[in-house]
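The following pair of complexes shares a single chain, chain A, combined with chain B in the former and chain C in the latter.
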Partner chain A sequence: MTLPEYIASRFDMLAFQAVQHASMVAQCLLVAAAVGVGLGILVHRDERATALATGATSVLFTIPSLAMLGLLIAPLGLGVAPSVTAIVLYALLPVLRNTIVGLNGVDPALVEAARGIGMSRSRVLLRVQLPLAWPVILTGLRVAAQLAMGIGAIAAFVSGPGLGDQIFSGLARIGAANALNATLVGTLGIVLMALLFDALFVLIGKLTTSRGIRSHA
Partner chain B sequence: MSAVGTPAARTGGGPAAAPLGAGWRTLLTPAGVLLAAVATVAYTQAADLDSTEARSLNLPHIAAKTWEHVGLTAVSTLLVLAIAVPLGVLVSRRWMRWSTPAVLAVANIGQSAPPVGVIVLLAIAVGIGFWPAVVALVLYGMLPALRNTMVGLREVDPALVEAARGIGMSAWRVLVRVELPLAVPVILAGVRTTVVHNVGVAGLAAFINGGGLGELVVSGVNTSRVATLVVGSVLIALLALLVDWIAGVVTAALRPKGL
Partner chain C sequence: MPETTTAHPQTLAALAAEDGGTAGVPIELIGVSKRFGSADPVVDDLTMTVPAGEIVVLLGPSGCGKTTTMRMINRLIEPTSGRILIGGLDARAQQPDQLRRHIGYVIQQAGLFPHMTVAGNIAQVPLMLGWDRRRIARRVDELLELVGLDPAEYRDRYPRRLSGGQQQRVGVARALAADPPVLLMDEPFGALDPITRENLQEELLRLQGELSKTIVFVTHDVDEALRLGDRIAILGAGSRIVQFGTPEEILAEPADPSVEQFVGGGSSMKLLKLTRVRDVALDDAVRARPGDDVADLRRRLHEAARDWAVVLDEEERPLRWVGREDLAGGSGPVGVLPSAAGSRIDTVISGGSTLQEAVEALLNADREVVPVVGRHGRYVGAVTLATVRQAIQEVRQRRQPARHVRADGAGTAVPAASGGVPDTAALAGAAEAGAADEADAR
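And now, the complex of A and B:
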């Protein structure tokens, strides 16, 4: 069976797994974005809190994904829970780090000017700092999306959802007829989705970047 | 601290970014890692294990798997160094500059391929075992080292290269005496990423009978033995932290004095 035939014969299942993969990654990114940006806003003013937060996420980031999944199986069991937790943890580092760098990269003179015209702290954050830091934060999210796609592939090993299932069923049937097709579909499908997500983020960046800084963002 | 996303920054960083000169705190990481490793191994000896667990969690087996893991990581990292750095230098030469965007694009797309997929594809293509796993590790680990070599060389101030040419240095001497030393920090950041990646991807070698600590994780999952699974995971994680620390120390030590 050739690759196109394989895809055609199992199109429904493959489409389902692809959508599952994409939705898992998207949901994890939403959580990571909320937690990462929130945490970044909380800690970016304080040097020690910043060092602690980035240090902790860097250590998490150094732990290989297979080991992380293994450690999460112990308390969470097999399935969706350890996969999603692992992806969120890995996606946190780029989001958090870029939020801190982005917010601290805002010219202090602008913040002072905004305070000077009577804006409250939270308004300065919402109207000045976050819009200016947004391109950097978005880059962090882009990196996080790429990471999440790849870690999502290993999720199938702990009975998680997504296209990784194709890779592992290919592995289980090495030597059999469709082993190569299944693995190729899983691998290439994930590469394709990673590229799509990347393109999506470029588009989001174009649409949501504040007009004043769009030229050099 | 720099933002994640610019090619050099994405691959640099890490907790031990400036390990030298931090005094006794430099030794905190390896001491903690070793302590945790000893505690983990001591647990396997003291705990009441059933026969399935005992088959994986005896001292000689753990030592053998750890050694295999280190072997997989070391061999693949050396091969990456031998291939990626010369290749990066080659495609950065002036007469090859046209290929830079294409090579970077391929490297970026390749990076988004899930490592487990790459490993299984290689197993199907060349068979299972240690060497196919090494090939997968090399292919996957090439990308950060190659990209950082190219980026590092590209960021060398062209005025410095011209000045070196102007005082009569040959192209080869400019490369060895000016360009490479200036690019070393970025190149080493890439190598550090590669070697830490490789510790993780080497864990996946167990799927294709490549050995390593991943075997404990895989057999733990397959036989539903949480103890085996957790010990394997903890040891892989500790190895990654230790390797990251070593790479950080080496990076700081090899940084050229003038920078």
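And now, the complex of A and C:
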């Protein structure tokens, strides 16, 4: 069976797995964005808190993903729970780090000007700091999305949802009929989705970044 | 607004709303100190009053605490001790964010928000005050006009597409958005090139002429201070006031050698810049008409003991100079003298010119005299080097007693009966008399 034949023969299942994969990644990103940006806002003004937060997430980052998934089986069992947990944890680092870098990169004179004309702290954050840090935060989210795609594939190791299943089952039966096809479909599918996500982020960036600070306006 | 008839406004916001916010209110700093940690105080027991509607410049070397002093007024920095009254209201009794919305704030390089358009930047304070869209849009255009930017062209631009000078104009517009009675300006023109800086200084003076805000202006540029300040506070370490007075007072009578050194050795040159031609006693040349008889003019010059006369046309506009040598041996009307073309007047100055400009004109003219013209180019008098010298000396002498009087005024806490006042007055009188004698001797 050729690759196109393989895809045609089980299109429904592959499509389902692809959608599952994308939706898992998207949901994990939302959680990582909320937690990462929120944490970044909380810690960015305090050097020690910043060091602690980035240090902790960096340590998480050094744990091999396979090991992390394995370790999560004990408390969370198999399936969606350990997969989602692992993806969120990995996606957290780029989001958190870029939020901190972005917020600290805002010219202090602008923050002072904002305070000086009578903006409250939260208003300065919403009206000045976050909009100005947004391109950097968005870049963090993009990196996190690529990461989540990859980790999502490995999540099949703990019976997680998504295209990883094709890769793992293919690799397990290598040499058998359709083993290569399965591995290829899983891999190419994930690459394709990663590209789509990236394109989506470029679009979001275009739509949500002020013309005044866009690099190519 | 249900509380329109309450007796006295409790906040600057209410005060600003009450009289449209337009005119300035006085700012009083009373024994204000600021200490960061346990180090020496940055501002040490500072007491000063910024009169309503005046530009007061805080001038001093970097690190003397002038910016800290300014920031305590809008509570970006909280004083460690002391009181600050704005329009008679204690700044500490008001919510800081509310307070700041009614104190314009301009910083170096404008501090415009790069992700907002010009209109968006200016609209920030009105938005916080809850104005409706139409009112904000109207106000934005009005302010752009005020600072000399065409609303249609600049309204929707982003700051990065503006020059430094234009950005600072928008910065000033943003500060004025809610028509605050008070404006704080922290080295606003420091980062601009000299020409743009002078333009904006000129512009600020024009605006102030229209608006009469109370402006506290921080700078370390002596020339800027002399140019803009109604009063200048020269600050030393710990924001100690070394001298507080008008530019003329500071130039003519520096409080101590450090001030003299700080405002520069060229004090006379600076006085020249500050004094307008209309404020000095002008020389008057012998006037002549083209139709006057040469012999008659010669006689008049002799009587007035002058060497030259100015020839005026029917509209009283100066045409040219004639000297005794031009008249010698001639006859008939002045207008047909053969040497007439030689001393044509092409440089005139007006009453609004500074003495510096007058001196420049004198140096460039081929005579040692430059005519001064009034409305419609009419001759009103002349300036010579002697006029200038005389004027500078007069400014110096006038300021001496004036400063004593002012110093007494500032120290009203001392009872008049202390005996100090008569002494000082006597001293001032003596100085005045002495000065008069000196002038007579010349």
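Here is the rule we go by: the second predicted complex is superposed on the first by the 214 of 217 C-alpha atoms of A that agree within 3 Å, B and C clash if a C-alpha of one lies under 4 Å from a C-alpha of the other, contacts with A are read in each partner's own complex, and residues count from 1 in each chain.
Heads up, the rule we're going with is that a residue touches a chain if its C-beta (ideal position, glycine included) is under 8 Å from a C-beta of that chain, and two chains touch if they have at least 3 such contacts.
Because the structure is predicted, anything quoted here is derived from the model rather than measured.
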Superposed model, chain A: greater residue contact from chain B or chain C: B
Touching partner for A:G186 - first (chain B), second (chain C), both, neither: first
Chain B versus chain C as contact partner of A:L171, first or second or both or neither: first
Chain B versus chain C as contact partner of A:G212, first or second or both or neither: second
Touching partner for A:E5 - first (chain B), second (chain C), both, neither: neither
Partner chain(s) touched by A:L71 [first = chain B, second = chain C, both, neither]: first
Touching residues on chain A, where the partner in the complex is chain B: 50, 54-55, 58-59, 61-71, 73-74, 78, 93-94, 97-98, 100-102, 105, 136, 139-140, 142-143, 146, 149-150, 152-154, 157-158, 164, 167-168, 170-171, 174, 179-180, 183-184, 186-187, 190-191, 194-195, 198
Complex contacts: residues of chain C adjacent to chain A: 74, 76, 97-102, 105, 107-109, 111-117, 124-125, 128, 158-160, 174-175, 184
Chain B - residues contacting chain A, complex: 1-5, 10, 13-15, 109, 111-118, 120-121, 123-124, 128, 196, 199-201, 203-204, 207-208, 214, 217, 220-221, 226, 229-230, 232-234, 236-237, 240-241, 244
Complex contact set, residues of chain A against chain C: 109-110, 112-120, 123, 127-128, 131-132, 210-213, 217
